[in-house]
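By letter and in written order, the chains are A, B, C and D; residue numbering begins at 1 in each of them.
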Amino acid sequence: MTDPNTTLSHVDIADLAAHDKPYLDANELVINMGPQHPATHGVLRVILRLDGEKVLGLECVIGYLHRGVEKIGEHRTYTMFNPYVDRMDYVAAVSNGLGYCETVEKLLNVEAPPRAQHVRVILTELNRIASHQLWLGTHALDIGAITPLFYTFRDREEILKIYEKYCGARLTTHAFRIGGLQYETYTGFEKEVKNFLSFFRPKIDEYEELLTTNRIWVERTKNVGAISAEDCIALGVTGPVLRASGIKWDLRKAQPYANYKNFDFEIPVGTNGDTYDRYLVRMAEMRQSVRIIEQAVDALPEGPIMAKVPKVMKPPAGEVYHSIEAPKGELGYFIVSDGSTQPYRVRVRPPSFVNLQALDLMCRGELVADVIAVIGTLDIVLGEVDR
Amino acid sequence: MESMLQITTLHYLVLGAALFLLGVVGVLTRRNVVIVLMSIELILNAVNLNLVAFSRMWGGVHGQVFAIFVITDAAAEAAVGLGILIAFFRNKETVNIDEVNLLKW
Amino acid sequence: MHEIIEYISSYLTSGKTPGAAGNMFWVLVYIMLVFAGLSVAVIAMNWLERKILAHMQVRLGPMRVGPHGLLQPIADAIKLLLKEDIMPTEADGFVFWMAPLIVVLAAFTVFVVVPFGPTHAITDMNIGILFMLGVSSLSVLGIVMAGWASNSHYPLMGALRSSAQMVSYEVAMGLAVVSAILMTSLNASGTGTLSMIGIVQAQQAQGMWFIFKFFPLGLIAFFIFAVAMVAETNRAPFDLAEAESELTAGFHTEYSGFRWSLFFLAEYSAMIAVSSIAVTLWLGGWLRPFPNLLNSPTWDQAFSYIPGITFLFFAAMCFYNTARMPKHPLFRVQTIGLAGFGAVLALIGLVMFYPPISLRVQDIFWFSAKVAGFMYVYIWFRGTFPRYRFDQLMQLGWKVLLPMGLGVLILTATVGLWPLIQHTLWHP
Amino acid sequence: MAPVATPFFFYLFAGLMLIGGILVITRSNPVHSALALIVTLLAQASIYLMLYAPFVAGVQIILYAGGIMVLFLFVIMLVSIERSMKERQFNSQWVAGIITAVALGGLFIAVYAKGTSIFPHHALSIVEENNTQNVATYLYGQYMFAFEIASLLLLVAIIGAVVMAKKRI
């Protein structure tokens, strides 16, 4: 076995070539995966050090999609910054918005009315399903199963239609406002959501039918990229990756936000912390989301959708940290206010960025093909990693 | 002209001899181990050509059977030779036969 | 002049393959026919793969170029031919140039011995199956050359993967083939044959396709071959060499335009070639279904209608879809095109009812139909399975298929020689 | 089947073989050498066909061109060839080597010039149809022992290659 402590700290390929090292050694090979690569989910660059096909170590190079979202926040008012957060994790834009709105609400010390809370839960859980669907499709595609991608996109389309009808946008929705919602739900919203649920429930079985017991799928994912619960905690990994390692940690239960405490659902956990467990956990999470949405739609109260918030927001000076359970893990916002209309500092704790740190640990000693599987299973979105 | 148009056993033998000589030159003069191994394959092939030509001349298949054995040997030789080459390259980072001048390293 | 016509027409009554008859004119004609037929098959396969895969994946697939995208492969071919021919600066020019040619040559040369019928083969070689396996194994050289000459990491890894894969699976494939060849020796003289035509004739003589012979031994050997042949052609789920998500495109990452299309052509014709081996060895080659069960002249007559009926059925489908076409001026050309295509199919179907033609064509039809079945399975695999990992692939090849192949080989030999063994044991 | 244009094909393939052989020993890039060697091997397979030895030709294609040469290419790709390509290609004893080869060639010429008479002018006929069967009969009959020894040799070679090439066993 290779010494697991060897690191790859900033291997430069030009440097290697300069040292008269054989370009193609029988022992070691440094290859560059990305930033333009079909399986790095955007513009992630992974420098792999390989022994044949075995990964000795890897280093992620990020920042190709850096847009300075946090810095932009310092120059926009609280309301103006709201749409920007949608562009971080663009496949789970609604969750980003929810996190931001709740943080500012916490800062302003207001609370959204119950109807708004319910709609927020519905849309966020739909978003979780959409995000997991996209993850499933691309993850399966990375491992070589082409078909699930089209199945999941077909069904994700139904969710996007609901978004489009609700707020006019499909991807970067900007659905929530600080203090509640801007739009009342459209006529037939409840019915369409319920229709979607009854349409979607058999579809999860369909995905599982294609993959869960597929021999090749199981062989490709079982015991691949396993990470222990201790390592997860040490690295700050959250979300389905953490839960697959056996830790029952879900902010929806641990520190209930919105009004998740009113709903009855379970937190699926895995045991081995391998890719297959993460797959199972996410599949189970989709089913739980369906459960939550069903309860929320059934109990959708009447009432106002907007709390009383001032037109010009000037939160009292101070700082606040609030985190929610985004589809990918703990999404936290840390906002420092100096009492003006603009935040003094906005800091985002993106789940993808933190989870990506586990990639090296998960890939050591695995094969190149597993790196692809592990990148897929971490469910990263580069827009969120680079911000 | 007659002999040009009539391909006899001798033609094959001369061809085999020429190939054999090429192989010998390669083995004796080249520095790259890979090419030396390939030259050995040339020599073995020259032998095979002769065997099959004789087999044709005497109207039996003994020569062909022997050629198959030679091909088997060539496979074994190539596998072991290239294995040694890999081990050698790993230690010395060169494939030059001149540098194989120690009994151990 | 007269002699030339005599030379040409003398073959028609010889009842041999043109190669065996030594008739160079017909050899050339057959080579042309096989080459043209293969190219058409590859084009059709391209369209079918995209359509079938699309329908498996709730998509429509190509719809724009021609009715139901029928002309899409031609449009693609034109695009590929007109593309700029890019060669990386650091590439080894000559080898880079040679690699696709070698792959295509290897893929096409094997069709010299493929028997589309008792006389419909370019030639019948004494070592037919050996020749096919040998020449198709040469394509790995082209792949290795392509990967190396590109002078880039991903192609090199793809080339190493695919060459390791092809060499490994050839072993299992060879064992499965040998067990089928053993079955050909179950005749009075006790000698088997390697000739492709001889193998099918042995199945005819024994009255059984080898897939059903010594049940389940023939079936297992066929299964081993079927798995190995998918691996041999680098197709899903064994397409690691071209694993798009891992190695971008494997050994042909740096290729574009015409050279790339040569690799594409070679891949599909190699698929057809290995399927032809499988059909010849286990599925009775050109023999029609149930040659022994339903062997009265009436049944012969009935089965000889099937090629025509099939084409008429396709024509009817075309006409049905023509009727369903939107009645909009924009679709007029497409509607006419589809109707025309249907008419061509119907014409072919009608011609096939003409007895002299149907007699000569039905062998080719049954052979092609069986090969087409394999092609469908290839597409089906691609739509269903994730990709194997390299070590799992090697494990499957060496630890599962190889022992199975050896076992089947030994059992086949034992069962085949059982009368002799029995005789020796009981009457020493 | 009557052979067609035998001299033409003989000289064609013989020429290919010799050109291939010369390229093998002169190219500085081992990959080019290997490709030249493949040309030689395939041309030789064709010559086997002309010699009514189809089975040997098939074995030549499968084993040599499809197996051994792939192994060679594999190894060339694993070892670094960039440096060795830039270095001197011929070793210090190349003069001695060529003199030896020329002497050997002279010996061959002498032998063939003197010994032409012992070869029959016309080759005996072999029945091509049964070539494979005949080879098999000898391989598994008269030469059974040699065959088994060869299999043992291959086993030893496999083990040897693995021991040599593997870093840690």
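What we mean here is this: a contact is a pair of C-beta atoms (placed from the backbone, for glycine too) under 8 Å apart; a residue touches a chain by one contact, two chains touch by 3 or more.
Here the structure is a predicted model, which is why all the values come from computation and not from measurement.
A summary of chain positions shows that the Cα centroid lying nearest the centre of all protein Cα atoms is that of chain C. More C-beta pairs touch across one of A-C and B-D than the other; that pair is B-D. Chain centres here are Cα averages; for chain A and chain C they lie 45 Å apart. Each chain gets a centre from the mean of its Cα atoms; for chain B and chain D, those two points are 6 Å apart.
The distance from the centre of chain B to the centre of chain C, with each centre set as the mean of the Cα atoms, comes to 36 Å.
Rounded to whole angstrom, the centroid-to-centroid distance between chain C and chain D, based on C-alpha atoms, equals 31 Å.
Within chain C, the positions touching two or more other chains are listed as 156. For chain B, residues that reach two or more other chains under the stated contact definition are 86, 89-90, 93.
Annotation for chain D: residues 55, 59, 67, 76-80, 83, 131, 167 touch two or more other chains.
Taken together, the chain A residues at the contact with chain C in this complex read 24, 29, 31-32, 37-39, 53, 140-147, 149-151, 154, 210-211, 214, 216-217, 219-220, 367-370, 372.
In the complex of the two chains, the chain D residues touching chain B come out as 6-7, 10, 14, 17-18, 21-22, 24-25, 27, 30, 33-34, 37, 40-41, 44, 47-48, 50-53, 55-56, 59-60, 63-64, 67-68, 71-72, 75-76, 78-81, 83-84, 87-94, 96-98, 100-101, 104-105, 108, 112, 116, 119-121, 123-126, 131, 134-135, 138-139, 143, 146-147, 150, 153-154, 156-158, 160-165, 167.
Looking at the complex, you find that chain D touches chain C at residues 1-2, 4, 29, 31-32, 35, 38, 54-55, 57-59, 61-62, 65-67, 69-70, 73-74, 76-77, 128-133. Partner chain D is touched in their complex by these residues of chain B: 4-15, 17-32, 34-35, 37-39, 41-42, 45, 48-49, 52-53, 55-62, 64-65, 67-69, 71-80, 82-87, 89-90, 93-98. The part of chain C that touches chain A in the complex is made up of residues 53, 56-59, 153-154, 156-157, 236-237, 239-240, 243-246, 248, 382-392.
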